[in-house]
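Both of the next two complexes hold chain A, though its partner changes from chain B to chain C.
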Partner chain A sequence: MKIVVAMRQIADLVEELEVDASGADIDREFVKFVSNEWDEAALEEALCLKEAHGGEVVVVGVDDVDFDQTLFGALAKGADRAVKLSCGFEGWMPTAVRAEILARWLKDEAFDLVLTGVQAADDLDGQLAGVLGARLGLPHAAVVVGLEPDGEGFKVTQELGGGVTLTSHATGPLVLGIQAARQAPRYVPISRIRQAMSAGGIEEVEVEAPPARAPRVTRLFAPEAKGRAEMLGDKPSEVAARILELIRAKGVGVS
Partner chain B sequence: MAENDVVVIAERVVGGHPDVTFELLGKAKEIASALGGEVHCLVVGDSEGHECLGASDHLHLVEGEHLWPYNPHAWESAVSALLSELKPRLVLASTGTVGIDLCGALAAQSGAMLASYVVDLSLEGSSLVAVAQLYGGKLMAECDLGEGPAFVTAIPGSFAGLAARVDGVADPIAHGHEGAEVRMRHVALTEPEKTGVDITSEEVLVSVGRGIGGQSNIELAQELAEVLGAGLSASRPVIDQGWLPKAHQVGKSGKKVKPKVYLALGISGAPEHLEGMRQAELIIACNTDATAPIFEVAHYGTTADLFDLVPEILDLIGG
Partner chain C sequence: MLLAVVETRKIFGGTTHLERVFFYLLALVVLVVFFVGLGLRVKKYMAGRPLDAGRFRRARVPLEKPGVSAPIPLTQTGVDIAANRTVSRRNHAVGGAHLLLFWGFLGLLAATIIVGLDYDVYGNLTRIFGGKELSFFKGWFYLAYNAVFDTAGLAAIVGAVLLAVRRIRDSKSSVELDYTRAQKPKSGYSRAAMTAGDHLFIFGLIFILATGILLQGLRIDAAGFPSFERWTWLGYLVAAGFGALGLHGSTAVTAHFWLWWVHILTALAFVAYLPFSKALHMISAPANLMVRDPGNTRRLPPPPPGHAGYLDFSDFTSKELLGFDACTKCGRCHSVCPARTGGAPLSPRDLILDLRQYADRKRGIPMVLDWEERPDQSGPKNLEGRLAGEVIEPATLWSCTTCMACVEICPVGIEHVPTIVSLRRSLVDAGEMDPTLQAALENIATQGNSFGKSSRMRARWTKGLEAPIPDARKEEVEYLWFLGDFASFDERLQEISRMLARVLTSNGISFGILYEDERNAGNDVRRAGEEGLFEMLVEKNMEAFSKASFQKIFTTDPHSFNTLRNEYPAYGLDKPVMHYSELLASLISQGRVSLSGLGKKVTYHDPCYLGRYNRVFDAPRSVITSAGCDLVEMPRNRTNSFCCGAGGGRIWMDDSVLEERPSHNRIREAAELDVGYFVVACPKDYAMFSDAVKSTGNEGRMKVVDIVELFAEASGELALAGSAPEEAPES
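Right after this comes the complex of A and B.
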């Protein structure tokens, strides 16, 4: 079984995000980029499948700020190959462009599964699995929380909202957007990542960024402070007292 | 003229039609009338309960063996076939599983524009303009979808003011679907297990997010919940990390809660979380990041560290 995991970088949402001078993108100079957490779930699921059923895990993505770190992390965790598609693209990359780059690279790879995160937080023009699935002409599914090889294909479980899950059987190859792996993404000690780095092993492929139809962002802005919270300050003892007052005023819980 | 028509994909997969479908129908009517077009609603699979979709001008019932229960590959094939007949200007769905499954693929196949996470949509001149919520709700993107065909997936609750539940539709149009090319088959549909925990019945919820940092800190939140006579709930990452069982999850893929008090500790307020708790009567949020979107829906907020705040509350009650 050959599993390709499509991964990418995304602005770290824990940081404050600033809008750049164009007014239509985040200021990429100062933002910290991290591995998309759902792609990490996709990688985890791929590694678990490989451990249970054998096979090969290939991690691939379009080069972006600090993407090597994600690739070395994946190698340290047990991926067999790590591929970086470099095209010199800067700024916000539409999903349509990313899908096209990946599709062109994938046409020379025989694979059973392409796994990717269910979403990335800047997927303005759609989530990758569906766009890539359509581009490759393959069945696909999103919000996947369960995956098992079964006979000629795979059993795929999706969440439909409100705790309802749906299991389907699909014959491969498939493209799946992973919401959660069967276990939380494994931890890999920094020493193992360093080992992976000194071993090298990232395959770099030069590609072209094709044009694609995507919405044109005209303005990026912080939500208008419509119903913004009244701030209680940040002195814990005072805030604690205010919170208790507020709760008591609702006539519930603690008396 | 078909090229001015708006299509709503009804995303009913279990039970009745979800609220979001009526919100989409309301928005569809608004946009269609601005365009001078009509509203079509697509019901795929089981057509039971379609009478409430009367806000549409045309109701299409697509039936076929593979289409019920929900089957992503079969639905894509059926909806794709119908859209190539209808050739609408705009297709509306939600950011739920069905919308995510279908819209990226259908837009890519037809070369149409797509905007997701949309919270506002209007026609400006002859262009569709959408406002999408990006970066977990931290930023909004206004974007131009141009004059051609477009797909929009909207965050549930965004068009709630326009929700159009209207009974009775004249002459639904039936369509068949062969499904010879469908490469997915149904195995099972599972409803959530009824465990002892029911966070939807609590008057007060202490809710923890990734900011709680680890399994060992859950105890602290549990202790707070106990002294407050509250239930303990959580955001998705806390569940996915295995720190609390699934029954405690609030949000899109968890439970919708409406307690009198919702105390959010270390929760950023991503749209999928807000979908499950924004109806709470009183929302108090503790988050060290002053720009966290949770403060957009919270009534009161603090940027204190939860590990400083919670012990203070415990002290005050204890002493």
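Right after this comes the complex of A and C.
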């Protein structure tokens, strides 16, 4: 089984993000970029599948800021190949563009599964798996929380919300947006990352950046503060009284 | 014919030639067993990894601190062994009894060697080469010999009886003597054989000593009380006792004959038993004390070459294997361990016993009793399983706070903490850890702090200070202040950091900070077993130091203090490192500040990494007493301080499985003292104990304060923290 994991870098949300002078992007100058946590879940699921059923894990992504770190981390965790797609793109990359770049590389690759994170901080709608699947003409699914080989294909479990899950059977190749792996992403010790770094092994591939067939961001805003949390005090009796008072005031039917 | 009286005695107690042959053949067999046993153990040590500067010795690094990390001179170790200082520590009764037995036994050993030299060596040599068997075991030498070694015999038996009485009397009540495991194997276990081994050892020893003294009495009685035997004073007294009981003449001769064989056979059996039992500690304990290395825990050893942590028997160093064999199960580590006290599945004693049993089984070395039995092949019987994870449970390894109380009190110089960390490294390498620890390590790897805050926010606490703190990267300062994560990011501690900054500024101290370039110093990262991340942090901090100009470093955090002071020199740091308590104490001793009496009744908690690790005991106390506080010492103070439970990465792990958190135990101890203030000199302590005071219901009775709060209040310039901060902390 050959599994491709598409990963991407996002601005570390512990940083104080600021809107840059253009007003249409975050200020990328001093921000740290880290691996998207859902992509890490996709990688974990791929590694678990490989460990359980054998196969090969190939990690691929566009050459974002500090992407090498993520690739070395993936190699240290047990990925077999790491591929960095250079395209000379600057600034924020729309998901449609990212999907197009990935698709251009993937069309020459043989694979059974493409896994990616269900969403990212800059792809909150979780478009990547869907757009990429459509672009490659392959079956795709999002919010995947369970994945097992099943005969010729795969048994795919998706979370539908409200505690409802949907399990379906699909024959590959598939493109899946992973919500959660079967286990939390593993820790990779720094010494192993450093070993991976000294071993090198990142394949660099030039891919021509496609014309951006995507909406253009015209302006970014910092989130507006809306109201504040009210602390209800320490004493349980007072807290209970206050909750009752609030429920009555807000009009929930208690009589 | 007149015969001159020659003061001597017959050596061999048998009568026939056959008996003589039997004795010597048996003695030969016993010596072969003894030396084969010892040889097997030495071969085991040699199968371990040598240290870098010698099999049992580590290369030194610059800036060793005498009394902290510097090697202990062999002369001092000699005195420690001779005086049983490590045994007497914190327990003079047991130490005194052990000292009697120690010197008594050594005396009797010398007595036996002297007789052997005379009878077997000198006698035979003179017979073979001179034609006539000679002896020096006569005359004044004989008299002095008996007078001296009877005293040794009495000392040994008194010591042995006292120790036996203590062992029986306290077997139920003493935590030290309770062999219940801290980590309970699912399959069950039995340590009855260990207890039997203890009893065999001490009662066997008493039996051999007692029969030796009785023999003297019977011999003198049978010989009709020659007057020169009064020098054999103990034997003479016993003989007088036999006489009074009416035991005389041929009855005494017969009794002597049989008792002689009983004594000789048990003594020979003891020699053969020694390398396979608890008695081995007579050799292994002094040997281990000679190779002990205080630097070893303060400055952790690097991983074995080629892999991250300990995986197999061959990863243990020769020194560690010797240490496992030195353990006497005295239980002092078991009693002081905060993890064991709190109900965690770790006892340093059990860990060492498990590892010893594992190592012996791996090498096929048998033990007479003294082994734990299990119905299955788990734990130390699991010779094929993973060393860290199966032989020793992960939960056991993760329970250690690295407080070093075990290393400190171990009478035989075992260094538990470096072994625990070496085993943890294998767990980290396999990614096996608490999710909260994983998150902390990931935060430290990406942002350089365990709080998961942006590294750019590190100096955010300085906002609100009237005088900005100099940037040591931009201007030259005398002191570089290294805060550590808690003092930088924890909101409760930021206020104390600001207070320290104000105190130092108003006293004209030239100091600066590294702003966003400071990284977690890595002390606890290293002790959690993440060596690679530790090295990365060292590189980042060393790079930041190289950009700054300063003469000395002082830290807020005792943990950072330890690694900067003891571990960073190996990576090139050549500046003196102090703790802020020392800086405050020096301001007082130089008379640069006058403090008014606060008249508060306080107690002080010695942080592990400041006190036990680095022997800074007096500086914080001088701040407290100079501020006019009445210092009531904790029952467990200085080197015996009890850990708050946060060290060694424990602060990033889940404590909810504990029956009693160490910090709660400590606050309950302080609550007995009837003091209003619990003074700390460590940011982690401040956080841990503030929580513990609340959750033990001591809020309102006791307040946790930092020494700088006392200093500031007593210097009259600043209000005691706890009043409203001058500016609300940034959210």
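Here are a few things to note about the model shown:
Please note the rule applied: the second predicted complex is superposed on the first by the 222 of 255 C-alpha atoms of A that agree within 3 Å, B and C clash if a C-alpha of one lies under 4 Å from a C-alpha of the other, contacts with A are read in each partner's own complex, and residues count from 1 in each chain.
One rule holds in what follows: a residue touches a chain if its C-beta (ideal position, glycine included) is under 8 Å from a C-beta of that chain, and two chains touch if they have at least 3 such contacts.
The structure displayed is predicted, hence computed values, not measured ones.
Look at A:Ala170: by the touch rule set out above, it reaches chain B but stays clear of chain C.
Of the two partner chains placed by the overlay, neither chain B nor chain C lies in contact with A:Lys50. Looking at the shared chain after the overlay, A:Arg192 reaches chain C, while chain B stays out of its contact range. Shared-chain residue A:Ala241: touches chain B; no touch with chain C.
Of the two partner chains placed by superposition, chain B and chain C are both touched by A:Glu16. Set against each other, chain B and chain C differ in how many residues of chain A they touch, and the higher count belongs to B. In the superposed pair of complexes, A:Ala184 makes contact with chain B and with chain C alike. Looking at the shared chain after the overlay, A:Arg8 reaches neither chain B nor chain C. Of the two partner chains, chain C is the only one that A:Phe30 touches; chain B does not reach it.
According to the touch criterion, the shared surface of chain A, contacted by chain B in one complex and chain C in the other, consists of residues 14, 16, 184. Taken together, the chain C residues at the contact with chain A in this complex read 308, 428-429, 431, 433, 435, 438, 441-442, 445-447, 452-457, 530-533, 535-536. Interface of chain A with chain C (complex): residues 12, 14-16, 30, 32, 34, 184, 186-194. Of all the residues in chain B, the ones that touch chain A in their complex are 13-14, 18, 69-73, 96-98, 100-109, 111-117, 129-130, 132-146, 151, 153, 183-192, 203-204, 227-230, 237, 240-242, 246, 252-256, 260-261, 263, 268, 281-286, 289, 291, 293, 295-305, 308-309, 311-313, 315-317. On chain A, the positions that touch chain B within their shared complex are 11, 13-14, 16-17, 19, 24, 26, 37, 41, 95-96, 99, 118-119, 121-131, 133-135, 139-143, 155-156, 158-171, 177, 179-180, 183-184, 213-223, 225-237, 239-244, 246-247, 250, 252-254.
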